[in-house]
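Each chain gets a letter, A, B, C and D, in the order it is written, and its residues are counted from 1.
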Amino acid sequence: MTEVQTFQDSQPTQDRLPKVKEIIDRVGVSGLRTGLKLTNSAGSFFTAEIDLFIDLDTERKGIHMSRLVESINEVVSKGSRQPKDSFEMLGLDILTELKNRHKYSNGEISIKTTLLLRRHTPVTNKPTDEPYDVVVGVVSRNGTFFKNLRVKAVGNTLCPHSLETTKGKAHVQRAEVDLWVEVPIDVEIRLEELIEICEKSFSSPTYTVLKTNDEAAVVEEMFRNPKFVEDVARDCFRLAKNLNFKGKVRIRATSFESIHKHNAVSEIERAFL
Amino acid sequence: MTEVQTFQDSQPTQDRLPKVKEIIDRVGVSGLRTGLKLTNSAGSFFTAEIDLFIDLDTERKGIHMSRLVESINEVVSKGSRQPKDSFEMLGLDILTELKNRHKYSNGEISIKTTLLLRRHTPVTNKPTDEPYDVVVGVVSRNGTFFKNLRVKAVGNTLCPHSLETTKGKAHVQRAEVDLWVEVPIDVEIRLEELIEICEKSFSSPTYTVLKTNDEAAVVEEMFRNPKFVEDVARDCFRLAKNLNFKGKVRIRATSFESIHKHNAVSEIERAFL
Amino acid sequence: MTEVQTFQDSQPTQDRLPKVKEIIDRVGVSGLRTGLKLTNSAGSFFTAEIDLFIDLDTERKGIHMSRLVESINEVVSKGSRQPKDSFEMLGLDILTELKNRHKYSNGEISIKTTLLLRRHTPVTNKPTDEPYDVVVGVVSRNGTFFKNLRVKAVGNTLCPHSLETTKGKAHVQRAEVDLWVEVPIDVEIRLEELIEICEKSFSSPTYTVLKTNDEAAVVEEMFRNPKFVEDVARDCFRLAKNLNFKGKVRIRATSFESIHKHNAVSEIERAFL
Amino acid sequence: MTEVQTFQDSQPTQDRLPKVKEIIDRVGVSGLRTGLKLTNSAGSFFTAEIDLFIDLDTERKGIHMSRLVESINEVVSKGSRQPKDSFEMLGLDILTELKNRHKYSNGEISIKTTLLLRRHTPVTNKPTDEPYDVVVGVVSRNGTFFKNLRVKAVGNTLCPHSLETTKGKAHVQRAEVDLWVEVPIDVEIRLEELIEICEKSFSSPTYTVLKTNDEAAVVEEMFRNPKFVEDVARDCFRLAKNLNFKGKVRIRATSFESIHKHNAVSEIERAFL
């Protein structure tokens, strides 16, 4: 097959000089869906969506995209035989495997999936598996590794102002907390504890199933904990601060207002040095 | 230009026989965004997303897609000089214009946009423009024209069961009604009256701006009108029935539960003969 | 606990007469996310999004929503100990379990998830797990069960008209086939074979990883199989017809045009009696 | 009305001390949809989605959300009588109006809408209105105003590597450039010129309508301009640099690969001092 040899002998298009000599900060694949196996407590198998990017110097026209995907597939395949215990360890392995296959200075991977965590309803104590969207990132910056953990939890807010002005009545609504931390890779923070922090920040957490007495307990809890979206962000921040880590934190609380068509939003961003 | 003549002289690829001889029910363009001008009360200029489909017999490989887009552009262009007074008249004109340019038996167009309607807050009477997603369709079936009007409105539900079991407290949440009617093209139904029907079906309508006394009035109204998502669908249906038309109606009420991560849904479908 | 007894003794709000006496066609939960275990070949564990609806007569104000969720949780929990071999068997079990807990005439469940299927690249024969969105529905209509299988596959189209007019050059684009069949529950059709049908309908299938020689083979295949979006729908229909079942089929092929900002779409709907 | 007076006399809930004394970086409304009028060349009326945030000190429990919406409504209402000539002037007016109604140190607004710009097809010179998503932001940081202009344009990429290895054949796909610049508010940059820069970065721009000869010209242009997603980002950067402004620029080019189910992405971020 002459044609095949032609490809192998000549210099690949990617390795030639680009016309415009500028560093590319991030180049790679986005939205690649695959299956991941873990040994962690929150489950064993996950369908995940992966973004994997590296930087590119000024001397090469393009990266070899297929090597990024091969690195993912290699680590995922190994991981299905000998599962890792966290997404960040999988991410770290993929960035390390990629280093053997493709030159880069900075690299980053993000793994987006859904965790299901066991909860119990407040009165009848029924078991229920609650879903949480998470994104785990690993970033390699000049040889140092960081991890980003991002979790989203769904709860509710009950308006304190409304509770006062309408004397015991109030508008309530579904709300969401999006909590993001960036820390050095070896800092011990688990997705599960970040999710718990989010859930404690609402007027009340939410459940897939609620019998009448459970529902009553949830409603009573809401009315005992009226919260502005500002309070949700502050309470989430206070609990995150208690984790006592060095790194960055970003909180976005959103209240899907039941009296408006738009949302109320509150954000706090801090660096702990 | 020999090349150009070649295209014009030979039979276009689209007009050849297809290998598989099957009728195509709908073929055309989707997600085409353009600007539309109207003389109606709800505003004058709209950015809309258009789907336009026709059928195709067994003797031709493909339709001439560009003629569909030319028909849209032609009518939109005329309409910007002499605006029509409804989306369905624009849709009808596009299907008629297309008939001159391309053979078809059945055709359909749908126009998706956002209406802004003037409302006033309940106590302080402040003016506010509220947004509503709408889809207006025109269907030509064997020479007869029908129109589909679909509107979505955002309101709220207050749970009647919860209100009883927790004695005056209750969970509340944002809710949506999606109301769809199909009628012969000459039946007089306006998007504005369908939207009003949706808004009357909730525990309370919603507003972009609410001062403290307005907010209190909305909360009081919610607590006076506790509704299951079933009640929202039924009330919407009852009001739609009062319009007294012959045609089809479909209602989907969705309650974005504040005590759950999932939604509660209720649907009614009927034909009025 | 007097309060709790109060709830149990009195007639629940749901069981009272509604003001508007209309049948609700579908009422229940949507977007409930949970984890499902199967013994089938395409994997073992799935995060799924479930919609579960029943009808409601004119004599009761509301359904008991929590019983729907309990039925899901009960079957999912049993299924994690003794996995079923298909989503439709899980769906059937949930509708059956629900019958013991809540009166209904018509019920339907839909389970939305992602399948990962093993493929191999065309030249280097590398293994790759490709993702496919699927929705499996089970419908109970007056005691008879039907299943809906819906799959989406991503491939591409190469324009035959363009290939002729520009003499060997052509525009290519990502494309999608959405194939839906409804059959009696005992008809043997598997999601995997529907996905294969979709993939055979494109100019070429797509892969997560492609080495240079694989990529060349995919490009050559595209240029050997120029297809309008009409051809994709027809080829998909021809292959689906070969499955030789009695039921309904609906195909929607979408081409995300590389020369336009909008899409080209082609649909075929048929009933096989 | 005793009740109303009660609200006015007492200290509103929002103005009390919060339990957790932390600054809120951004609090306000998101997803508020309204209609905007402009005198600019790209059209006259726009349905826009607005986010408006301010910061909040440690001494107050909450902001007065309704004042944010009132500021938007006030400026929009004035603007419909005396239209401004840019979205950033509307944003600046809203932040200024808000200053009169509510105390804040930092504020920001973002206005998301769709521009329709007149283009002409390459050979037959047909007029066509092409849609572009844009987001215009205005940020007030300690009294200094900046603007963010973000535009998205849809074009295509033709793979240079594939063009070589398959000798004149190549895979092509829809692509997108997302270009974002942040500059002091008085720097003269228009959305229209940013969109032009994006469109010049692709293998070819795209059009709503293309007759056979236009389509051939677009395909020929693609094959004359093979580009990796890296080349798209670099060319966009080179053209943006030519605008010769002081500020920040961020480019994200995405190629919706026709040979893969995932995307290829390339990003460049720079500050011009």
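Definition applied: contacts are C-beta pairs under 8 Å (C-beta built on N, C-alpha and C of every residue); 3 or more make two chains touch, one makes a residue touch a chain.
The structure displayed is predicted, hence computed values, not measured ones.
With every chain reduced to the mean of its CA atoms, the largest distance from chain D is reached by C. Interface comparison, A-C versus A-D: the higher number of contacting C-beta pairs is recorded for A-D.
For the pair chain A and chain D, the distance between mean C-alpha positions equals 25 Å. As a whole-number value, the distance joining the C-alpha centres of chain C and chain D reads 35 Å. Spacing of chain A relative to chain C, judged by their CA centroids, is 27 angstrom.
Among the residues of chain D, those in touch with two or more other chains are 7, 12, 32-33, 131, 161, 165, 208, 210, 212, 215-216, 260-262.
For chain C in complex with chain B, the touching residues are 6-7, 12-14, 18-20, 22-33, 51, 53, 56, 61-63, 65, 160-161, 164-165, 228-231, 233-235, 237-238, 254, 260-269.
Residues 3-4, 7, 12, 32-35, 43-47, 66, 69-70, 73, 76-77, 113-114, 116, 126-129, 131, 208-213, 215-216 of chain C are the ones that touch chain A when the two sit in their complex. Within the complex formed with chain C, the chain D residues making contact are 130-131, 154, 156, 161-162, 165-166, 168-175, 204, 206-208, 210, 212, 215-216, 218-220, 222-223, 256-262.
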